[in-house]
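Below you'll find a set of structures to go through.
One chain, chain A, appears in both complexes that follow, with chain B as partner in the first and chain C in the second.
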Partner chain A sequence: MSTAITSKSLSEIIGSFSAAEFPEATASRQQAIRILESKGLPAGKNEEYRFTPITRAVENVFTWKTQNTPTEITSIDPFLIEGLDANVLVFVNGKFSQSLSKIISPENEINVKSLREAFDKDRELVDSYFNKLVSPETDSFAALNTAFWQDGLLVHVPANTVVEKPLLLLHISDAANAQVVAHTRLLAIIEAGSKLSIVEKFDTTGEQASLHTFTEEIEIKENAALEYCKIQNDSGKAYQVINTNIRQADSSRVDTFTLTLNGQIIRNNFAITIAGEKCESHFNGLYMLTGNTLGDNHTVVDHQKPNSFSNEMYKGVLDGNSKGVFNGKIFVRPNAQKTNAFQSNRNIALSSNAAINTKPQLEIWADDVKCSHGCTIGQLDEEAMFYLQSRGIDKSTAQAMMLYAFTAETLNTISNETVKHYVDSLISERLHKNF
Partner chain B sequence: MLSIKNLQAKIGDKQILNGINLEVKPGEVHAIMGPNGSGKSTLASVLAGREEFEVTGGEVVYNGKDLLEFSPEDRAREGVFLAFQYPVEIPGVSTINFMKTAVNQIRKYRGQETLDAVSFLGLMKEKMKLVEIDQSLLNRSLNEGFSGGEKKRNEIFQMAMLEPKLSILDETDSGLDIDALKIVAGGVNKLRSSNNSTIVVTHYQRLLEYIVPDFVHVLYKGKIVKSGGKELALELEAKGYDWIKDEVAVA
Partner chain C sequence: MSKDNQLLEELTSREYEHGWNVALETDSAPKGLNEDIVKFISERKNEPEWMLEWRLKAFRLWSKMTEPKWPNVTYPAINYQDIIYYSAPKQSAKPKNLEDVDPELIKTFEKLGISLTEQKRLTGVAVDAVIDSVSVATTFKEKLGELGIIFCSFSEAVREHPELIKKYLGSVVPMSDNYFAALNSAVFSDGSFCYIPKGVRCPMELSTYFRINAANTGQFERTLIVAEEGSYVSYLEGCTAPMRDENQLHAAVVEIYAMKDSHVKYSTVQNWYPGDKEGKGGIYNFVTKRALCAGDNSKVSWTQVETGSAITWKYPSCVLKGDNSSGEFYSVAVTNNMQQADTGTKMIHIGKNTKSRIVSKGISAGKSQNSYRGQVHIMKRAEGSRNFSQCDSLLMGDQCGAHTFPYIDVENSSSKVEHEATTSKIGEDQIFYCQQRGIDEESAVALIVNGYAKEVLNQLPMEFAVEAQKLLALTLEGSVG
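Presenting the complex of A and B:
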């Protein structure tokens, strides 16, 4: 890994962090700092960040001089999903806000608390699971996050429990008065036979830039299920690097949906480790980008055991000067016979200035497996456009219809109707849908 | 209604239409026949405004207006309808939603009030009867997984919904079973009036027994090489195209 960031910047970053304020996880923080010092942040030559110059932005855009200023946010209404009856967990500028959060599920269904608090009160869970799925060695932004995380969330669902109400995580950056740099964590353990739904939203207010690194570790035990929906409709000056690490035990199920609509540079490192047999994983993503947004999805599915099924479907619609990056790694380990692993990444470019880089990477060591992948980059089907127009429908409506239809199947992994409706409304708004 | 003079068109470097002349008056039905690849669908596409084809010469006047100046959607709004030889499948768009959008955009263009959900459904029910199409089909994604016959029936349903002045039916009979052919032809006949005209592209005399043409034309190598009454279709059915090809070769 090449070092792009100057040691001056790095020491500035390190200097901006007051270790005394964050006494938790001191050893792992220090180890992550050492990794950062030796590896730096990924530069242009780094294969994994070739198309995504976020390090340059970190260096050029952010001053690191200021501690995050106190927030003036007193209401979360603008950030909520209308009609969604959920447990709401709010982070503002990296800090967990007890007063803005609201847990409605009964205590015997779910244990949710600030991660810092959990270091005190749920030590056993923290010791067993914290920093186990994430590797600061493989991603320097995970290292950055591991070194400097300000707070996070512990979520623990006891065995054989269906959490009726979803968790809505709101990450708010209040960049009205100054730049925001926030590093947050999620540690979730869904015990055997249990079910949880997580919805995540990211919002920046104000005109200044925001940088948010978010690292998630989610353990899904035997026969448990997770539904996960991430909505990235942030401000044009928002930079995000999200490391999501999910591990599945036997017969568990995961359904995910990642929607990327807005932001300056959005990077999702999304990894599912299928560490059990007979698992099912469906993970979908949709990026519909305009302006100068760069949306980058790097995904990994690691089949470590036999008899599991994974299906990945990411789609992109790129307009303006936007840029989409997709990298899909599928590993099928020698032991993972009878694996079914499918991947597709289809893209539509609406403007000649938009760019897409897509790359499947399949590494299959087992012989009795079914794998397929397909990456396409295209324009709208002219014949279909003509068909719609020939019925009196104007070109822009016809285009919106086609795109709406193109995106529709990615929403199949969302089962909550209110969330689905909200996502649908965002897509419709993006398309200026009038039909 | 429609006056085509010396129409020429190409795609890429390939010249397909080589000077077509055709006059269609209100109330008339014209059948266009001709061997595979002679340019029938190309003519239909050019009239409907498919931009892939480049018009290299000639003119098309439709109700006193230069048809070639209009966008495809404006042609539809002006009353031109093409029933496709190969209707396109559009996953994710229901026929109902698609038709509602189309009907209302056309109504807007014509200065009529748009239809609300209730009156649209009323209109739809009425037109569904005409071609005996089932609502369950229309709830599905547009043509997706439709059988060949269902697609053709859906084309005529759309035609009924949009009430065109000039309809071009491109091999609407192919893929229809005998009963469906009667139903679809019956639908077309019910939509006929002294104010609207129909161009029927077909390979078979059978359809013309139901939709009786006033004129039959033979298109060959991008030109209309022979025209006649409905008996010409019978003659073609009996003798094939060789004699016409020979006539063209001699001339």
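Presenting the complex of A and C:
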């Protein structure tokens, strides 16, 4: 369905990429390039990218000679979360920075290293898990990432270990002098009975445009748990396509939260495969957009085994000329009996120039299930607004109070108080400054 | 469990009730499709030159188009050159009244339980009967004529009311709309035309009954309903076909043009032959239905009960152009055995304060696949618009599938859209509750399913509601989830 990106830009991309510099994973890179050559990037008619014209932007905005934009970043202080005691891992313009990163957890709790290094030292892990969850066939940006990834991270938590300190991943694009095009990856394996918390932040500095594709593969083994929080508060010229793929084994648990605030076009492909029984997954999202930002969340939860529970809640507040896109797919495979799967997507439009395109989708092949989705688009309750105003609260404060209440429940999947407080402060700032 | 299986077995082995066919002499076109066939059809229908031009234009468009691949159904490729595009029961001349109609034909319709004889005035339904491709009889014409209502076959309308046809044909579904609409525009053979003048409330239900009889034919009919300012009409459509091993194609177009303050109600009970339990044979039902609420305060409601067809692909839609206009869609779609249905609606809100309501109830049993696909699009200038959608699916048996694909696009901040969908099976506790009170399992299922579909069935005119309820009970009898 997609038209190939013009041969010019494709050859430009391939030309800007020197295979000799990236000897790892040559086979998967070549396969992904072949897929890219035959399928190209998604065009306007592509069902999955119908409302998200990112291909056009990529073709028009970026010159592909920017694989290794130099950077002058020496301090990561502005990007940190205040008060958060965490293992900090820093990527600048797609490259892992050993000097800016800092691991505070003991070595027996967690094994973290650059993915390129892992190809040398942890070959066994890489061979069994790398490029297994993500399919370059289904998403061309995943193919683009698989073909040209510059660096990434391997995270391995051994069995029966609780990693006390969260992992803070900082993705920094230094676009002060030139455009940045970065392709990075995360490969995380949480072994049986273990627990890990990941926090991700995306920041761009400087005035130039940045494009970041990020592909995550996270394996959660039996009785393991993951808490995942993604904060997208990027510059207005940032383009992101993030493919997150999580696979759950028996009795595992996942809690995720995705916050989208800023950027030009932000696209999240978020997929959970429930490959075990008795799993629990809670995934929440919140997008509060203004200006010309386009925020697009495509989520998939695939129930392959019986007796699992999934609950998805995405909420959006749209102002200015922003656009919110949501697509939530729930698949329940033939033998996934006794599945309970719920999904809700609620949106509030504040401006008449904002647009919302939502498509909640259920595909069910098993009969003994309970599945539902709900979706609403509306405004703030006028009576409640009137009630607050009649008690002397001015309109904008009343609106902020109502919106705050609307968004609050999506934060339930964050258990770390410092992270929650930080997210909360971002939401309050957005409510008071921009809306 | 064994009882369930036994009941399911019983259900799946049930024969299609209307599977017989009658040896009618027919006048057919040769197989295949080209400009000559289009000319042949036009000639047979004694059509004026402009009509032929219109058809040829559609044919040329169609030959450049490709079949849509996006519906969630699978079927072997259709060979469009292997279909007979025109087949008509042989009649020496157009019958002046019912006595002149071939008695075999009358019998055919009597067998279907449809009265063409006007004595049975009690039924109070005016019928236009379409067999294979041609309208054979229209009842109650004179009575309707007194009110200025035009209700006749499409070919008659082309001859007698060319100004109306020229004005409204293709005004709601343009020939280039989609692949099957273009095909229909090129080869449509007959259908019904209905015109309700200003301020008239049509005193009876108008009805078209479609029957495919001949083998290897496709049926392509067109219905056009024009409701002038302040008028009201309720329209019914029913259909059956004989059991045949090969698949037959049915590609119809229905257009409704509703002016200011008018109200059109369109109800369908679709019971085309669904194929046998292995999925052999059956009708491919690829239909384009659309209503244009052109005037302010106009209202169109679609009600459909879909039980037949091997494959259903249809989305009765409303384009809400006039301010304060409203559209409704009520649907029960039942699939069993190897049936596949991809059906739903589109509500396009253009005018201010427009309202739409969607209630869709899917029931899948056997190895069938049942999809709801719908779009609610609220455009920027459709301020203060409102939509409510509910689509529920009921699964019976563990080999069927139920799918929902709703598209919701909102471009302003003063409109409200609500959508909810659920998928479940009939609860064991519900059945237990009924059984506890002395209702046997089978009746309990019928009771629960009827209750589940009630919201939609209530929308049907009385004559149809009875038929639909029977059909539903018949299709699902014994299929305990």
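Note that the second predicted complex is superposed on the first by the 429 of 435 C-alpha atoms of A that agree within 3 Å, B and C clash if a C-alpha of one lies under 4 Å from a C-alpha of the other, contacts with A are read in each partner's own complex, and residues count from 1 in each chain.
Please note the rule applied: contacts are C-beta pairs under 8 Å (C-beta built on N, C-alpha and C of every residue); 3 or more make two chains touch, one makes a residue touch a chain.
Because the structure is a prediction, the values reported are computed rather than measured.
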Query raised in the report: For the overlay on chain A, clash or fit between chain B and chain C?
Result: fit
Report task. Please indicate which partner A:72 is in contact with in the superposed arrangement: first for chain B, second for chain C, both, or neither. Result -> neither
Query - Contacts of A:334 with chain B and chain C, given as first, second, both or neither - result: second
Query raised in the report: Which partner does A:395 reach: the first (chain B), the second (chain C), both, or neither?
Result: first
Query raised in the report: Does chain B (first) or chain C (second) touch A:429, or do both, or does neither?
Result: neither
Query raised in the report: Looking at chain A, does chain C or chain B touch more of its residues?
Result: C
Query raised in the report: Which partner does A:365 reach: the first (chain B), the second (chain C), both, or neither?
Result: second
Report task. Put down the vertex angle at chain A formed with chain B and chain C, C-alpha centres only, nearest 10°. Result -> 70
Report task. Using the superposition on chain A described above, determine whether A:207 touches chain B (first), chain C (second), both, or neither. Result -> neither
Query raised in the report: Thinking of the overlay built on chain A, is A:120 touched by chain B (first), by chain C (second), by both, or by neither?
Result: neither
Query raised in the report: After the superposition, what is the least C-alpha distance between chain B and chain C in whole angstrom?
Result: 12
Query raised in the report: For chain A, what residues appear in both contact lists, the one with chain B and the one with chain C?
Result: none
Query raised in the report: Quick one: in the complex, what on chain A touches chain C?
Result: 47, 334, 337, 347, 349-352, 354-379
Report task. State the interface residues of chain B toward chain A in the complex, per the touch definition above. Result -> 48-52, 71-73, 75-77, 81-82, 84, 87-88, 90-93, 97-103, 105-106, 109, 141, 158, 162
Query - Parts of chain C lying in touch with chain A, wherever the complex brings them together - result: 70, 380, 383, 393, 395-425, 481
Report summary line: chain A contacts chain B in the complex at 381-384, 386-395, 397-398, 401-402, 404-406, 408-409, 435
